[in-house]
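Chain naming follows the written order as A, B, C and D, and within any one chain the residues start at number 1.
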Amino acid sequence: MVQPSFSHPRSDPSSSSTSTSPTAALDTFLDNQHQSYFEELYKSEAVCLCILRSLPPVCRHIILHNLWSHQPLRTIDIKSLLQMDIQVSLQDVDEVMRPAINRKILHPLLNKKSKMIYPSNDAFKKGLRNALTGLGTSNSFGVPFDREDDADIPDQQALETYGEDAFEGILKYMVSSGLGVGFPVARPQMEVLELLLISGLMVDPSDPSGQNPNLNRMTITSKGFQFLLEDRQTQLWEILMYYLTAKEANSERSAVVLSMFFSLGCMQLGQDYSASRSFPGALSALNDLAQYGFIYRPAPESDQFFPTHLATALCSGDAAATRGQDADEKRFLILETNYKIYAYTSNELEIAILNLFVDIRIRYPNLVVGKLDRKNVKSAMEKGISANQIISYLSSHAHPQMYNSPPPLLHPTIVDQLHLWDRERNRLKTEDTVMLEFFSKELFEDTEKEAKANAALQLSIPNQKFLFIEPQTKAAITEFVKERQTQLRSGF
Amino acid sequence: MAPPPPPVTDYKSYPKTTPPSVLLVILDIHPLSWSLLSSPPPAIPYPEHPAIDKAQATPMTLPDFVTLLMVFLNAHLASRWGNEVVIYGASAGRAKLLYPPPPNAVAGPSKPRPNTYHPFQLLDSRIEEGLKEMAAEEQDRLEHGDMKTLNQPPAMVSALTKALCFINRILPNNSNSAALVDPAATQDPSAPASNAPDKPETRILVINSTPGANVSTATSSNEQSNAEVNENGTSTNGNSQNGKGGQMRGGYVGLMNCVFAAQKAKVPIDVLSLPPPSIDASPPIFLQQAAHLTEGIYWQWNGRGGLLQYLHALYLPPPSLRHHPFAVPPQDAVGFRAVCFCHHKTLDIGFVCSVCLSIFCEPRPVCLMCKTRFPIKSIPTLKTLATYIEHIPIPDTVPPPPIPKGAKTHQQNENNKRERAKGATNGDASGTGGRGEPIEID
Amino acid sequence: MSSGYEDAYRVKLTSGVLVTCDSAAKQILLHLDSMRDGPYKFMIRDVDDTHMMIKREYVEEIKELLQDELEKNTYVQDPNL
Amino acid sequence: MSADLVDDDFIDDDDIPGPSTRGKKGGASGSKSGKGKDAGRHAWEGEFKKSWDIVQEDEKGSLESAVESLLARGRRKRALMADTPLRRSIIRHMFIILDLSESMMDKDFRPTRFEVILGYLRSYVVEWFDQNPLGQIGIIIMRDRLSEVLVPMGGNPQEILSVLSDKRRLEPSGEPSLQNGLVMAKGGMSHLPTTSSLETLIIFSSISTADPDGPVTIHNVLEELVTNKIRTTILSLAGEIKICRQITERTGGKFGVSLDQDHFKDLMWETIPPPATTIQSHTPITMGVKNALSSANGLQKGGKTPVGDLMVMGFPIQLPLGGETLCSCHGLLKKGGYLCPRCSSKLCDVPTDCEVCGLMVVSSPHLARSFWFLFPVANYGVLPIEDVMNSSTSETCFGCDVEFPDASTIDEGVAQVEDGVSPTGRYRCAKCSNDFCADCDLYIHDTLHTCPGCAQ
């Protein structure tokens, strides 16, 4: 789901609590990695820096607080720093440091006196210290490319346009496959299409088995639609994580690739780097990234590459790419209480996304006028887009003008109506079941108890002595019923 | 100092994000002060804590310190995306912006180093450049025989005013366009503050290297002339605590104005005072007052190394985390002394004009500022009232650390102990305080 | 599928799909069922106000029929207004 | 408020700088200019001036130029301010007399006069205490022909704010009685030494006063006010009332009729800086805070009153929040506190008189808050384009180091000094000859009160 980005002046706390950070995909990925994976990652200073920034502020500052100390962090230090009561349980302290422990930065340890200490990961500590002092040796911030001074290099604007075009091209391809009509789009390269298929964002409908899909005839899935509605940073990390998972599935080492992502995130927009010297271990991955617009290469086989803003904004942490000019461009929607939508944009992709759930009536060069109506919203919902996704899309793209009216940002009637439409679609809840009709109250009650204990019960209607159980538990329950029957009949 | 909030154990209440933070550093690079710091006298013996007593006094040179400072600033930049650093150098009688460089002065971006995060590299190289420029200027002044200005105290007030102007510029709600919105809306304190969550928070870190609280500047000429013209030379040092706590020239008013402006903008002024007790027993009381009044952190180095750890431990957390959830480091007793307008002495007890509240160190028949005539007859009475003043040593009341601390926090522990030691030496400090005697400007 | 005993402890087992819905939707389902004959009837058992049991093969069809029925009852604003 | 009414005995307070006189004076100049322009016409005969007419779009449809000219007005106003320090009464006692008659529910201010005034009052109190740290404020309300002390004279803004936030207690009703309000204020200040600056600020919303029947009329009360030297300032929300003007003129206060909300706020905020005291000294504004001069009392009583007094004040040491010790004022164990510099007894709070030695103990920052009155920052002059072209001036603002607009791009044609706005975007301090941008100029003069250049 789209985060109602934190630069939201009046973000609704209830909605923000349900949303996730742009790096959610990364977080899930990292949470499933083992110690050795992190050991390898932390060899790169750039990774240490980015991981540090991804921690919650309190945790982050405790790490920094202890960075230059020779002793490991102790529970008692954390408690005194955080003004905790001395009686607070170890678990609570653990909970504060949990993100760091999960990232294997700290290893909680009971020392001899059964006091908890938190020694830091040596690789991380060294990496972070080197990042701050610039004394590292891993070239993780990128080796600049040696070029002639008068060489013609693209400026930042050009790089941004390049990156944006490349990535939006993929998104447009996805949208147009779903809309049927759409607009002329170039088909992305095969590797990209493969990733889209593997990730489940697109699927070949003519190949239900999934064994032999035709990459040229894929259409977007409901997961794909949800992907479209997310903000850029989330999309980027999701794509990268799909890429990484695919690598892992091919039993390739992904740590080097992941650490390259972080290095790219720490690079300077407009600067050119040498691929072979910066990422000797991940050259093929770097090539792949070029297809998504993360980097720009003047010549296909050149060693020189420029990271685009897609790459350099990767590690901008919770500030996301929502800052600056990029953010302003994304704020173009005005939604009125009469369901009319005015979108001040000429971006084909945004219009196509809007077209998913908005009945577009008028198109001017820089303005699209449409209406949120039942038909379009419901057809969007058929595609697997939920009301919550539409709402968060609308609010994250709200025009600054909309913040001038009293909160909430979107009028409650519209939000409610969207939820109602969503509900309408799901008026029937169906589940496979096995019904047991009883005539004996005693047997009914015993069976009900048994079914409940085994979490097999779906529904029980005592006055009609009906019992509905999960189909897969049918054998076990019948077994039980038969036993009980024999017992009861024999007069126990 | 706000009373410490009750112990909070609910880690769920910890902030999930913090606003981006701008750190404005004012670095005192007064050459004379640094020459003192680079060859410190032996540290004051410290029998209470053998471990600390063993540690030798560490000489600290400006390049060494700047290296530490750079690491600290990098850590600040590292701690959150969007954090920024602004550095002012305050040298004898002048202050200058060192970083960020003026926009037109940016030479082509230097080639990135493969092992340094580029923003760090920009910051570090620019600080180095800026300091070299300032050093060259100082050299210039020296060669042109401009000895007088070299002896001036560092231009802390000027640097502070510049920093505050900078903050005023970057804070969106202080902009002039905001002043045009409906006053009824903005003036209602009960109205929810419409500040966006990404409004940056700012703080100022003053790094003082000049002993004896000599951290003032030349007085504003207006004040100076007023005071000097009316000076009839009948100064009697009778009841002023001359030299105690260092002297403060007319910069006192400027410093106080800065403090109030900072209070208004809710900008904490942190103070790190480098001269260890062995060089100067008296704290820079006005900077200490500044830190106290703006809820900043004041701390004096003990001269025994460990500065990098102290910087990270004390000054790194942004204001939004300082009181909750983090604990504020224990602070010293603060002397609320003032400076008289007539002789620029630091006073414990002074004579105050009832009309304009000007402070004088001795009774006088006419107020220097507002020309109010005072009853001559009361002068002797006033004199007797103000006599019999013995200086009170700052008592030994620094709170013990809330929980026993051991190896790691022995820094803080050491801190406390040191403060005690300072308190003890403070009683007879009047002799050493004279070290910071400023040179009068005529 | 029945246990076959003709005594008080007999238990009858039926497989199918349990439908949970609001009572309004259920009335529509009942109505739909009443319109059908013999093998085309989809309801196995009317359980209570908000539940009914239907044959598995009719689930998708029923869902569509219900949508159509609901669609008939929805006011659609004339797009030209 | 009127320029032609400057009593010789009083310095017109119009020229007083105040932190809140930032350039947003919408229709502030209304009454003055109206009088000057068409002397023959009454105010109500003039064309109705809508506040939005003041703001004009420029040819590009932008409001930038309008905003600038509003700022400029603020500058021009400040330019009138005298650079020289004035004598000001710093220890002030003020009663705010608030009209809570039914007329306060009028909706000519949005949402109501009552709501607007209450909002203003809250920020007024904060600002007032900010600039008059040694002053005290009390609030009297007038409704149902009665007056009532809402907040007794005190120095704690929090207390006042908490009362002001309780709207139910302040429900407007009935008619006001100016006489009762003034009598109440006079009574509330009778115990105070006549030597401190006694003031009342009346916020008057109705156009009549319903005073009690009897031998004492409002004119008698006025005489008493004059004898007691209670400076009375009346701000009317409705219109000019003869008796109000009379009261203010006789007592040396000011009378103002608000044109609109902004103007009303300006009028209110003008009363925040301490009033200048008269040089002619027909009223010796001396002062004696309680016990300030225990031994000098005899002198004061004796025939000739001195013009001012020197007070002995001690500056304490604030203890950290360490262990608990006994305080000398309550005899209780307390953390923290202040040490009297003379006798070392511990006091709970300052400013106060030391319980042991009687020394007046104040925190020096309290005093320092008002020092900017004594050392005003010189006005910055507009830097004309020739100077920028000719001399090698700095490219950045000396305050915030922002880059100035390039001098060469400035169109010579518009380079006229108009309304105090610098065509070059630079403002030069006359003393230190450093250049500042407009933002810093405002900030330095309104809030900071210290020139970065002069401080070097």
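Observations on the structure shown:
One rule holds for everything that comes next: contacts are C-beta pairs under 8 Å (C-beta built on N, C-alpha and C of every residue); 3 or more make two chains touch, one makes a residue touch a chain.
For clarity, every value in this text was computed on a predicted model and none was experimentally measured.
Contacts with chain A and chain C are shared by no chain at all.
Centrality by C-alpha centroid: the chain sitting nearest the overall protein C-alpha mean is B. Across the two interfaces under comparison, B-D and A-B, the one joined by more C-beta contacts turns out to be B-D.
Separation between the centroids of chain B and chain D, computed from CA atoms only, is 31 Å. One finds 55 Å separating the Cα centroids of chain A and chain D.
With centres defined as mean CA coordinates, chain D is found 78 Å away from chain C. For the pair chain A and chain B, the distance between C-alpha centroids works out to 46 Å. Shared interface positions of chain C, i.e. residues touching 2 or more other chains, are not present.
Multi-chain contact residues, meaning those touching two or more other chains, occur in chain B at positions 4. Here the touching chains pair up as A-B, A-C, B-D. For chain B in complex with chain D, the touching residues are 1, 3-4, 93-95, 97, 102-104, 155, 157-158, 161-162, 164-166, 168-169, 174-177, 179-180, 182-184, 187-190, 217-218, 220-223, 226, 251-254, 256-261, 264, 289, 292-293, 330-338, 347-360, 363-364, 367, 369-375, 377-379, 381-382, 385-386, 388-389, 392, 394-395, 397-399. By the touch criterion given at the top, residues 4-5, 7-9, 11, 14-18, 20, 71, 74-75, 78-82, 109, 111-118, 120-121, 124, 194, 196-198, 308-309, 312-313, 316-318, 321, 325-327, 401-409 of chain B touch chain A in their complex. Across the complex, chain B is touched by residues 6-9, 11, 45-46, 49, 52-53, 56-58, 60-61, 64-69, 71, 73-74, 76-77, 79-86, 88, 92, 95-96, 128, 130-144, 266-268, 271, 277-278, 315-319, 323 of chain A. Residues 22-24, 67, 70-71, 85-91, 109-110, 116, 119-120, 122-123, 126, 130, 134, 161, 165, 261-262, 265, 277, 285-288, 292-293, 295-296, 299, 306-323, 325, 335-336, 338-339, 341-342, 344, 350, 359, 363-365, 367-376, 378, 395-403, 431, 438-440, 442-444, 447-456 of chain D touch chain B in their complex. Interface residues of chain A facing chain C in the complex, by the touch rule stated above, are 359, 373-375, 424, 427-440, 443, 447, 458-459, 461, 464, 466, 468, 471, 474, 478, 481-482, 484-485, 488-489.
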